[in-house]
Amino acid sequence: MIDIAFLAESLRALAAGLPLTLGLTGGAVALGLVLAGLAAAGRLSGIAVLDGLARLYVFVFRGTPLLVQLFLIYYGLGQFRPDLQALGLWWFFREPYWCALLALTLNTGAYTAEIIRGGVLAVPHGAVLAGRACGMSRGLLLRRIVLPLAARQALPAYGNEVISVVKATSLASTITLLDLTGIAQKLIAQSFRALEVFVCAGAFYLAINLAIIGLVRLAETILAPDLRRPRPV
Amino acid sequence: MGTLALLGFGPGGWGAALLGAAATTLLLALAGFALGLVLGGLAAAGRIAGPAPLRLLATGYTTLLRGVPDLLVIYLLYFGGSAALGGIAGWFGHAGYVGVPPFWVGAVALGLISGAYQAEVFRGAYAAVDRGQIEAARAVGMHRGLILRRVTVPLVARTALPGLGNVWQILLKDSALVSVTGLVELLRQAQVGAGSTRQPFPFYLTAGALYLAITTVSNLAFARAEARARRGLP
Amino acid sequence: MKARSILALLACLAAPVAAQAQDAVPATVRIATEGAYAPYNFTKPDGSLDGFEIELGREVCARAKLKCEFIAQDWDGTVPGLQAKKFDAIMSGMNITEARLKVIDFSKPYSIDHSGFAVDAKGPLAKLPMNGASIPLANEAEAQKALDAIKPLLKGTTIGVQVSTVNAAFLDRYLKGTAEIREYKTTEQHDLDLAAGRIDAIFANDAPLRATAEKPDFAGSIVLAGPRFLGGILGRGAAIGLRKGDTALKARLDEGIASVIEDGTLKRLSTKWFKADMTPPQG
């Protein structure tokens, strides 16, 4: 009943989509983190204009479906080709890859901004006061006290967000990119065997996500040395 | 035709169609949420109190559905779901197509996805229930069923409310993925309009605005429900 | 006692299966069509279906004394939907190919069309050589000559094609490695991306390509270019897709198709919708 040869063939074909899925994930997570840092800084800056802008950005991108954002960027902006060409931006919006990366980055940036903000707000006030009492400068305080404590606090939620990005990359297949899901669709179109192909594709995603969970656990133990079991003497 | 007339309610305007599709989106998410509530409740109960095989099944379900892309789950039901149902019906001598309308294919997919998230919410909320409350109920002579009905479930529901609000938000946005099955919900309607007028930008922008309106309003509703559920608490 | 009641139950379950044997012709034959592949089939602004296949299907059903209704179904879900008994037949410009015959069955073919490129009228590909030449893929030497003629210009370009079609299979076999191939869910999407300049060419059947090139939005900006291919991996013509084993339905539909060919109705419909007689050779 179970066609091992077909499953093996599907797995091999799907593996070709792995670099794209991982590349989109890595790119969006890295760029999204930068964007989220800026947005969180804006929200915590106490400057009304920056706070408002960051608030609007987070509100819009968390309140609408990623697929709508993706179509708006890919098909929607495609309508303005002459203008984009005049601005010298068409090379970017012409490629489905850049459109997908942009949509994923903007989307995860909004979610991550809230995670960072939550982490920073959770830093105990006493720790900051203590640092200041020791005569730490603002930069040093941020680097040595606030960020490490915030990172530790935010890590579990951030791990979930990275997993969301892995899953969200599957939407890139809707604008012709051949990521894991794109290849899976192609295989089904050729073989009409949806169940087997999707089981194989699902296995890839699950493996990636389990690996991420493992990495997050590792990071947690590194960031929280006080919680580690003491080494035997 | 100007963009405003294009999206308006006059002849040739797509306003009514888009609003109708937004209603479908809302119904789709509601149906998915209700199904997810049942599935999530069962899975959480299985993980908390079930025998080993049931616990394994519930854990497998939540891990799997949270680990694979939602789009994949929807595609699987779209391509394979009705075939599986047709096969089951075939065993019972029903030769025709088992009429699963596209709406319910979408609702079942969303129910499966949100059920996995809701199970985690319920499990967390159960873990947060103060054991003292249950001991107190036992001390006044309540039996198991009564404790569950009068103490545990109300406490879990209250603690789970913010988490459920988050799942609802995720679900509303996930419902857009059902557009790939051809069901005319909000995003699909925008696609149809974009295709036939060759003006994708205003259509996707409008769809985005409608989603934003729905998520904002339901956010407020959940906030009120939370405030109500927390009456009398510090 | 227990065993006997189980047997009785099984008999009850089996009885209707026997009564509705696979081979019966359904009271209403549900025919799936994409509704987005003019002039084969398309959806009018009021939501109703029209096109060559809709008109032909009604005629064939009348001759075969079948009650038929058309159902709109996205292209990528047609074969899975047929297998799931969502409908009983497919009329959606679907060609008979060896790959498809492995999973479904077909009636006699009712039309045959060339496939080829459409490109930006002002771009370099508008000068693709052998413009309009009919190339049967069965003649390998001739096919190779045509491919060798167009490959240098296509090198490094991006070509759009609808997923799960004979046209996608053609590009996969003959132009993989020469050009980047992008697969779309609908032909409408690749038309838009060609117009937006995201892709350099689209590869599809001639009749829909001509329909696209004549649309007011695209008139003058999109043209058909290069040789037109036929047969081989592109299939033996469009036919009604059927489930394997539905032999009674197939026999009735085949009779209907034979009848519309015989009295010239097919030729009339073909000329009406395609402006050419695309009746496939019979035999």
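Labels A, B and C are assigned to the chains in the order they are written; within every chain, residues are numbered from 1.
Assume contacts are C-beta pairs under 8 Å (C-beta built on N, C-alpha and C of every residue); 3 or more make two chains touch, one makes a residue touch a chain.
Each chain and its UniProt protein: A = ABC transporter permease; B = ABC transporter permease subunit; C = Transporter substrate-binding domain-containing protein.
Since we're looking at a predicted model, the values are computed, not measured.
Trainee: Between A-B and A-C, which chain pair shares more contacting C-beta pairs?
Mentor: So, comparing the two chain pairs, more contacts are at A-B.
Trainee: Can you name the chain that lies farthest from chain B, using the mean of each chain's Cα atoms as its centre?
Mentor: C
Trainee: Distance from the CA centroid of chain B to that of chain C, rounded to the nearest Å?
Mentor: Averaging C-alpha atoms per chain gives centres 37 Å apart.
Trainee: Between chain A (ABC transporter permease) and chain B, what is the gap in Å from one C-alpha centre to the other?
Mentor: 23
Trainee: Using Cα averages as centroids, what's the distance between chain A (ABC transporter permease) and chain C in whole Å?
Mentor: 40
Trainee: If a residue has to touch 2 or more other chains to count, which residues of chain C qualify?
Mentor: Within chain C, residues 80, 83, 185, 192 contact more than one other chain.
Trainee: Tell me, which residues of chain B touch at least two other chains?
Mentor: Answer for chain B, listing residues that touch two or more other chains: 79-80, 83, 180, 198, 200.
Trainee: Indicate the residues of chain A (ABC transporter permease) shared as contacts by at least two other chains.
Mentor: Residues 75, 78-79, 174, 185, 194.
Trainee: Over in the complex, which chain C residues touch chain A (ABC transporter permease)? Could you list them?
Mentor: 76, 79-80, 83, 99, 103, 160, 163-164, 168, 182-185, 192-193, 196-198
Trainee: Would you pull the chain A (ABC transporter permease) residues touching chain C in the complex into a rising list?
Mentor: For this pair, the touching residues of chain A (ABC transporter permease) are 75, 78-79, 81, 90, 94-96, 174, 176, 185-186, 189-190, 192, 194.
Trainee: Give the list of chain B residues in touch with chain C in this complex.
Mentor: Chain B reaches chain C through residues 78-80, 82-83, 85-86, 90-98, 180-182, 195-196, 198, 200.
Trainee: For chain C, which residues count as touching chain B in their complex?
Mentor: Interface residues on the chain C side: 13-17, 20, 22, 26, 45, 72-74, 77, 80-81, 83-87, 185-186, 188, 192, 217.
Trainee: Which stretch or stretches of chain A (ABC transporter permease) touch chain B in the complex?
Mentor: Residue positions touching the partner: 59-60, 62-69, 71-72, 75-80, 163, 166-171, 173-174, 181, 184-185, 188, 194-195, 198, 201-202, 205-206, 209-210.
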